[in-house]
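Two complexes are shown next, each including subunit A; its partner changes from subunit B in the first to subunit C in the second.
Moving on to the complex of A and B:
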């Protein structure tokens, strides 16, 4: 163990020692100091949140309605419950969607709720839900409807599946019910799973769209700040066909034919790996773990995809596009790199982004000293090799595990056994290595960080940037540090691909150099200088 | 005036939010308070997200993180553990517990759990205030008053009579609270303002970082509100059962004066009249000057305002004040709406609208889809309400004056000033300028369509008839 690792370990122990005994027990395994000599290091993740600790996590409903189902633009998602849940998950700016033709449906600007009242809780809300569906069908003529359940629905026993069946029969409109009550599971991750199961069972495989050349599904891409559009732009320039996107700017219509794609790309491993695996089991389609955040990562992804198909013309086209894109962005990137280099960042986001953004940061000379996820599972930290060892518990057993068998008509394997073996050595084929492996010794990994731990790490690590979400944004600003929202991008973006990398670099450079920082001097910052060196004296002079 | 409730089962683009959200502000308005939401963890996370976006401040709200086990066996263990962790890590003076749909449906006896927790642990002076706020029990407007009332019920003690007055504010902005304080200081009135979230929800950059932001009504002050000379409460639309002022009247015989939010010249006049009467203080010259400036502004802007046709939506108390402001200035309200719980508002506005030249639709249960439909039908040219109304602008071209909560697509929602004579001028200017901006953008086209094109048509007609 090096001095750096040991020192960091002592610091972490100090922070944890402040907890009451039961909370200490609950939090202990969630924070590790990276030490590759000890690999594989084990994380505790996807466990229940400690009550009263100010967690950044959301609920199962949020994962299902807010993350996966919500961004599908051509479907009407009805929240069955009291008004708050629907209101809070109303998508407005985060996910973007566009329609090709004026007659195409785009319901992203809408929020539908049954606004349950006390009487509905007492007497049941099924009738109200039925009426709501009737009204929605009459006014909007959607091609599909998604019913998302909230806490009281499960408690009072409303049978939303029966209502969905009724609606299909009555109106001939596909209606899918999601039992995603907020109290199920330990975080929004359970909601992703429930949503994905529902879409896999009822939507994927029901369509018959023509398959284009080199056809791909982009899974786990939610088009935050237009990321999906930049990714599509690059892929289409090279010559790929996008069969479907799950689910940013996505449609139920496209999703129906997702089973026909040649290859699946997995961007957010956490929220979508189940779908990728089920597609492989049922249709034989392989998946590659890609990361379109960061220039190097994007290039790697593009080369992997081309290599999977293996045709020289495609590989050549890929290289030509990479060269052209790089030539366009490099001069500007260099400018921002000069402004950012040597800084440090903490990343606490979702279930994949704390991993995805590290490349982007390092490309502008910023080291990630702490990274962690809100709702990731052990495989997101340790890699997929740990999956067989993850213990089943009351919470994860709670979520339906679909039993999949190969589809007799559509099952096909694109690669020979030898080719598969060869490619597995060269790329993340049906595999994801997780977060810990990309971090440096002495860096910190935290699962399900809370307000207290965040404050402590801010003081000790003194990073230049803390990247997270809106809930943490202003506490970071109050500490005199730059915050960067990586859930909604502070209304900026895209950050993906080549052009996105420049926007990201510009945002960070602008954030680090905004004149306000030079006008403030938080006390604990001054203290560091006093203890440390001559820097303080210089400033005074 | 017509009262209509367009009853539908699907709420399409709602503009009211749930009850526990409204409970956050009163708790943020008392000194040294931490909030714990008893329910699934999504509730606190969602509320934090919305309020953080609106106030541009961090909101530390804990959750008891109820899961499936808790829903079956009850949430007692989670609540007690939550209280313990909040107390140990944050060391607050008060913990406010808000319930949710989940904990109310399973029937947790939250008050008993809290009492047991205090009895079983050495908590010093820690107070716990529990508030039943199921999401289906009301909107954020009710959550605000119910919580404020529970805080007083729990923290106010019998106290000797004193000369201070209690000023209980409605859900106004931190900037509004600051203005009310300035006014009362100017009048040299001794007062306890409650709930005072002026600094906690519109913070400043401080040299030191505080886990619990300083500010809020002092607990020592709240304790003594029972001995005040009188209570002035902003809340004409409030159910007496929810009213904090009513509690002080019933329990401690503190005389209660209900006033509207002082927005608009008449509401301001009423506010100052009541404060002056209750305290015996004179209205200072400075305030008189501010009133005269408002009058001047009203006269100068009337030509533009007279073209205004407004759609007003939001929480009942602010909707009432805003409607009065429109009426005073010749802006014709065409639809005035609450998401839910607007029954009292309907009766209150009936009296105000007797002289209106045209019918005003007052909706006590509605959503933005209703507003959009009625606005189009009745040619509204300005909407006044919170950010979710941007949908009216995007889909129907109706310009929006942002007001209320949440304001999440512009900065500074917490700094909007609308109360007092000065604040009224600012609010009125925002409305007038929106009307002007809209006119500037569209009037050349409209003139062309209406007169020039129309004239050409007439010429053609004349020609035709000559032939």
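Moving on to the complex of A and C:
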């Protein structure tokens, strides 16, 4: 252990010492100082948030409806519950979607809720849900309906699966129920799993669309700020066919044939790894962990995908596209690099982004000194090799683990055993290495950071940027430091791919150099000016 | 934009599409932030608090700190008493607030949590306070939640000491910090000694100084809320957000009250000033009378820009009641007036205003924006006034929008600026007439372009 690491460890211990005993127990192990000489370092993650702590986490419903189901544009997602949950998850994640033809369905700008009232809580809400579905069918004629449950639904025992079955029979419209009550898990993560299960059980594998050449699914890409569109543009330029995107700008229709793709790309590991694994188990489809945020990461991803298919023409086209894209962005990137270099950042986002954005930050000369996730699991920190050792507990046992067997008709392996072995050495094939391995010694990794810890780390690390979400943003600004939202991109984007990197660099450079920061202290509070300005005023008078 | 909204209305009894309200605990959280050094706490799943905080963050662009009981399935089945007690212990140890204001959620209400008993069983440090309000999400709206939490302040804190403090209580209702500042300025101008609660000014519009404090300078002091039981009277602004609390204060401490329309526009502000004058015995100040004259001057000068224009307005009931009155004073035609908050009183009050002005409109409580959009499709308007969600309808139908109410998440500064009082009236006229004129400038032919308007 170096002095730097030891000193930082003492600091972390100091922060923890303010907690009452039970809160200390709840937070112990969630904060580590990276020390690669001690590898593998174990994180405590995906456990309950300590009550009373100002957490940044959300709930199971937010993970299911808000993250995974919400972006599917051709389905009517009905929130079954009181009005709040549907209202708050209405248009707030910036998952964009567009339609090609006027007759195509796009319900993204709509919020559908059963707006349960007290009588529904007392007498049950199934009838109201049935009626709501009838009204949806009558007004919108959707091809797909999804029901997302909120807290009271499970408590009063509404059987939303029975209602879904009734709706399918009554109207011939596929209706899927998600029992994603907010309390079901310790964070959004449980909701991702529930959504993954629902889509895999009821949608994926039911379609028969023709497979194009070099066909891909992009998993865990939610098209925030148009990221997915930028990724698709690059992949299509190279010559890939996109079978489906889960779920940004995605459709239920596309998802049905996702099992036919040659390869799955996994962007957000946390929210979609269940589908990636289930596709592999049932259909033999491999997945690669990609990261389209950052120039080097994007290049790496493109090269890995080309190498997976192994066709020279594809590899050549990939290199040509990389060269062309790089030539276009490099001069502008250099300008922003000059403005940003030497700064430090803290990243606390979601379940993958604190990992994804580090490359992009380092490409403009910014080191990440603290990183962490709201709702990640141990594998997101330590790598997938830890999965067999993750202990089951009352909370994660709550979520169904689907038992998958190979599909006799559609199971196929694209790679020979030898080739698979060879590629596994060269890329993240069906593997994710996690966050800790990319961090430097002495840096901090925090799981489920809370308001108090964030405030303390801001004081100690004094970073130039704290990149997080809206709940943290204005706290950081009050401290006179820049905060960048990496959930919503501060309503900018895309940040993915080559062109997105420039937009990101521009936004960060703009945020760091906006004159507001230099105006915080008024002249009369800057000691050296006090006397002078007073005299000046006197003279004018 | 909103291409799937048909012109023809099909009656809906169960499905809400594009709501014009949200749930109670959000309003309760906002009200609680208006107490000095208060940490709001949500007794339910942690997602609720995440949603309230982020929604308030987006409207105010300010930190919103609030804690949660972080229910998991075990707590949902066996009760969240131990969660709440642990939460209170942690909150007082870590964040050191003076008071914690607990609101319930649909989860904790459905399982019937007994919050007062939990509070009694909790370890609350000497000199600190814990209050609560029942705010089931399946009743009313965020405005009901605001009202319930304000009432909770009265129930737990207000006390009559037997001696008058010579002050007026003002309950401002669910308005912006900019409005709360304006109400206080009016009271100071009237030389009235007052207690206003809740007061989010100085909390949700705190300055950036480079130093962060979890509890900023603003908010009503606990001792003042306690002292509200000794006041001369209470002015409750807005029937939906404030009247219940004023009644509670009357019941508990025998403080008389007047229920007033949220002071938007001339008449409602006039009434507010006269009510202050009545309780305080001070005349309306020359400063405010001058401001009033300025607004009337503006109204005479600019009426041609907005007179007779048809307006669709939506939002929270108290704000809409005040705004409807003002639009009528401007000679505009409110055509559709819709709130998501349930309550027949709203329709009654607004219809009364309209009939007094010799006009009528479609007025609806417990409505949604899908309905409003369909009305507009059937018979359009010149202007929409409402919150950020209105911009989708505005774009779909190519109708200008004036942003008013809560939430406004796509524009800044609004939360600092008043819509109440005469200053607020001036600002509203400026926003309405500029928006209409921008549209004229955009649509007019080159040869018809006017330099002076």
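Criterion: the second predicted complex is superposed on the first by the 518 of 541 C-alpha atoms of A that agree within 3 Å, B and C clash if a C-alpha of one lies under 4 Å from a C-alpha of the other, contacts with A are read in each partner's own complex, and residues count from 1 in each chain.
Please note the rule applied: contacts are C-beta pairs under 8 Å (C-beta built on N, C-alpha and C of every residue); 3 or more make two chains touch, one makes a residue touch a chain.
All of these numbers come straight from a predicted model, not from anything done at the bench.
With subunit A as the common reference, the superposed partners subunit B and subunit C clash.
By the document's definition of touching, both partners, subunit B and subunit C, reach A:59. In the superposed pair of complexes, A:29 makes contact with neither subunit B nor subunit C. Of the two partner chains placed around the shared chain by superposition, neither subunit B nor subunit C is touched by A:14. Of the two partner chains placed by superposition, only subunit C is touched by A:102; subunit B is not.
By the document's definition of touching, neither partner reaches A:310: not subunit B, not subunit C.
Contacts of A:112 after superposition on the shared chain: both subunit B and subunit C are touched. In the superposed model, A:406 makes contact with neither subunit B nor subunit C.
When the two complexes are superposed on chain A, the residues of subunit A that touch both subunit B and subunit C are 18-20, 22-23, 48-62, 78, 81-90, 92, 109-118, 120-121, 128-129, 131-132, 135-136, 139, 150-152, 154-156, 181-188, 394-395, 398, 451-452, 455, 469-471, 473-475, 478-480, 520-521.
Per the touch definition, subunit B reaches subunit A in the complex via residues 8-14, 16-18, 20-21, 36, 39-43, 45-50, 52-53, 56-71, 78-79, 81-86, 88-89, 100-102, 105-106, 134-137, 139, 203, 205-209, 211, 339-340, 388, 390-391, 394-395, 409. Subunit C meets subunit A in the complex at residues 1-4, 6, 10, 12-19, 21-23, 25-26, 41, 44-48, 50-51, 53-55, 57-58, 61-76, 83-84, 86-91, 93-95, 105-107, 109-111, 136-139, 141, 206, 208-214, 340, 370, 392.
Every residue of subunit A that touches subunit C in the complex is listed here, in rising order: 18-20, 22-23, 48-62, 78, 81-90, 92, 102, 105-107, 109-118, 120-121, 128-129, 131-132, 135-136, 138-140, 150-152, 154-156, 181-188, 394-395, 398, 451-452, 455, 469-471, 473-475, 477-480, 516, 520-521. Across the complex, subunit A meets subunit B through its residues 18-20, 22-23, 48-62, 78, 81-90, 92-93, 109-118, 120-121, 128-129, 131-136, 139, 150-152, 154-156, 181-188, 394-395, 398, 451-452, 455, 469-475, 478-480, 520-524.
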